[in-house]
């Protein structure tokens, strides 16, 4: 029962792994399963997303670098994952264009293609309140992939867009038929239509067969299962850009808040991991929706002193960037935390700075505060939730 | 029956997909499956490796960029995939050291870590002989991952290696207990022990829980399921470096041929894809075991003229590098091919150049010839096998 | 002789022209200026009946938050508390038509007629004390509804750079 | 004040010292100079029996290639053709001991005693016409066997750079 529950049993593997037995007594004395058609995970490694009814979160504390395995990419959808037949799929582009057009998936793939690695992050990516929270629970609504597709500008060029156009509407083919209004300049800058993820066809949960990719912008604007683009001279004020993805800033409500501000978090050590006295390599992720990460600082004394961490290269624009910092822990209780600075000079703020800037009724969107971990004398690590 | 055969049915998905039905009539009219713990592939996308008894090959013609999804990474093993319990796992390092040591997986993960993206390629990666061969069949024994682990030099520093040591033996914990002798300089240069692949724990087929990674060197030397390293002042002449992975060069047999010479192939268009008259973006992969790719040239007229292709950045050392070249096909029969030049000035040779250099009895190792595709008048694409 | 990649052509020629009919089938969006609103109309009494039949199960009989109860859908009608609803948070009434027509009811999106959607808008706006019980909703009247929250909304005023805002 | 990462310590202190006993358990490799060969010995007649029982099913009764038949294992004995075998391709006899002890028989690797492996080496070397039928194999004699192919082997002579070699 144990084995059937946690084993990714392929037919080849099943032959060798007895029910209830995860290993053989001595693997050097018994040939294993032969080469297969599709690889497996070790039965000892069971990374999973943490699902709720509306989202599921990447297990960032269990990951080792900047690529999120495609099947662990966070999910946020508003009416489930649609089952789309790629042979029926069409993308319609119309509105302020010389020639409205529709493109099959095959058409999209024929255009000059580009590949870029960048993060996607849900604008509502922050939870707090308890000490026993994992990175996944705090901000697991961000993941990174190597995306391949066609530049949106390549398609717009094909249709001859009216130069007076200022916005476009992107619409999904899911049961929420989700829509967002996007300023045209993003199309001319770096917007893509992605049909591949981490080398293979994009996964259904990430928008199969094609999605909008707006590097660095609110996850919700990266419309999945993209079926239609309408080019316009005004935004549409859809439900997802008025009732949702807006937030109080003092006495006003801010909308069309596209760029994701710079952010970082220590993923090791973090709850529920445990550490031992001595040398510890502190590790984590940093990113910015506005460009490159240029610096990550780590404090191991509750913010009194800050130390510059090493960045794993190549450091890419609008991309999760892995950082590492070597620390000798003397066994005393302390707090560790990280803060990132991006190429625009923006440094990740504290919760207090965010509240000072936006007021007390700060809401749940675009929350990127410095988050601290308490390292206890016994080596356990607890989240330090802050009131807001 | 169709659906059960090809559907990656998760419990969540199963609720919505009826047997025999891959799509719903209109996905905008019916909510789909909710967020899940582990993502799925679209039932319309079934990329698979091509297995034989001893290897399985990556479907390079179906991939879109440079990361190989972990479950599609090529496999080559000599006695199957061992089932290893990570809690029992130990790496022993001994021989010409001040202090022989053993490291648990936990120990390995505590050391300062590094991440690097590079290819692995089997030294025997070349098949030819038929027109209806796919890229996978011709040279599918290469894949690329983002690897994370500890530099071998970090461990060797810990044990204090005798400066007189010149070689080390790396030994796997599989049923072949596979061994290779490696010159010490590779350890001081860029050898790693990798425990993670594409963000998660390394897969069983790629060496779980830890493998040797020797960027740019023969796949076979990247010993998987690494259990032991012995530091020595001479090579061991193991079966894998004498009976195998050696090849005739004129009247001699060349051994310890570590670096993989530069190579490229067009993956689109390639057999069994079909093209249409008009603009075609030719796409492919290029790499070198000696450093960076600096140039890929494409010929669309059977080698008479060569045109420089675009390289997808960032171009990394010893890494699969994606290239693209825009071509207007007039519908006439022709041959297309690519050749790479690496940062050492080496240009991928023709089969004739290889035979001139090594003699007629050239064997199957370290074969990196330029490979051509015939584009037929009807748009079909066939491999052009050359005699050797 | 080594050449480099040719210039891009004026057009690649992939894809097909979309007909007006094909566009009309998908073009369901509605803008605050009323662009996109279809013919038809609806009123509060009809809206009340449709709401009771097709919406109340998830959004409560009166559309209001129920303390201590987690309904399948969010509250839609302004209540005692500060919960964000149509009445105190939505800047444009056209968004209501657009969203309900495309996405509701959650279990059968895209199933409502245009008249039904107009009626639901009439009822929801009236329940939220924005319009009167006799106000008919159609392509002409709906864009004219002035939403209380509209004045609160500002476009992103972050400017990039070092400032925390 | 911003500091950067501290210098690496002389030692991180992770891991444990390995005992000689722990090393001996895994240290099964054999070098051409004989380093690693265990005590024990074997001869051709014993080798013939063990081979027939444990190896012949996969490598043929006489170890030779059979034209038109694909055996589970490769041929081990030099035949008429140019097939690479121990007799015409292997540079060192010690490799035979090392490999057979660690990896054969394929279905039960690591199951042979040292004496059995020495006997198999004696038989295979004799079948390949390298040693005589009376030659005993042990830690002393095995490294002294001169393999016909040894003179053919050269270390990689590619030098990097532009040359195709």
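A, B, C and D label the chains in the order they appear, each numbered from 1.
Going forward, a contact is a pair of C-beta atoms (placed from the backbone, for glycine too) under 8 Å apart; a residue touches a chain by one contact, two chains touch by 3 or more.
Since the model is a prediction, treat every value here as computed from it, not as a measurement.
Undergrad: For the pairs A-D and B-D, output the one whose chains share more C-beta pairs in contact.
TA: Between the two chain pairs, B-D has more contacting C-beta pairs.
Undergrad: Indicate the whole-number Å distance between the mean C-alpha point of chain B and the mean C-alpha point of chain C.
TA: Those two chain centres are 50 Å apart.
Undergrad: Counting in whole Å, what is the centre-to-centre distance of chain B and chain D, each centre being its mean C-alpha position?
TA: From the centre of chain B to the centre of chain D is 27 Å.
Undergrad: Where does chain D touch two or more other chains at once, residue-wise?
TA: Chain D, residues with two or more chain partners: 8, 12, 102, 106, 109-110.
Undergrad: Can you list every residue of chain A that touches 2 or more other chains, as numbers and ranges?
TA: Within chain A, the residues that touch at least two other chains are 28-31, 79, 110-112, 175, 177, 279, 326.
Undergrad: If every chain is a node and every touching pair an edge, decide which shape results: line, ring, star, complete or other.
TA: It is other, because the touches fit no line, ring, star or complete pattern.
Undergrad: Spell out all pairs of chains that touch, sorted by label.
TA: Those chain pairs which touch are A-B, A-C, A-D, B-C, B-D.
Undergrad: Where on chain D is chain B touching in the complex?
TA: Chain D reaches chain B through residues 8, 11-12, 14-18, 22-23, 26-33, 84, 86, 89-92, 94-95, 98-99, 102-103, 106, 109-110, 149, 152-158, 160-165.
Undergrad: State the interface residues of chain B toward chain D in the complex, per the touch definition above.
TA: Against chain D, the touching part of chain B is residues 78-79, 92-94, 99-104, 107, 110-112, 158, 169, 171, 175-179, 227-228, 230, 232, 234, 236-239, 242-243, 246, 249, 251-259, 261, 290, 344-347, 349, 353-354, 356-358.
Undergrad: Quick one: which bits of chain B touch chain C in the complex? Just the residue numbers, please.
TA: Contact set of chain B toward chain C: 26, 28-31, 278-279, 297, 305-310, 325-328.
Undergrad: Any idea which chain B residues touch chain A in the complex?
TA: 16-17, 22-24, 27-45, 47-56, 62-73, 75-77, 79-88, 110-115, 146, 148, 173-175, 177, 195-196, 198-201, 203-206, 208-209, 225, 227, 279-281, 283, 312, 314, 316, 322, 324, 326
Undergrad: Please name which positions on chain D make contact with chain A in the complex.
TA: Counting only chain D, the residues touching chain A are 1-6, 8-9, 12-13, 102, 106-111.
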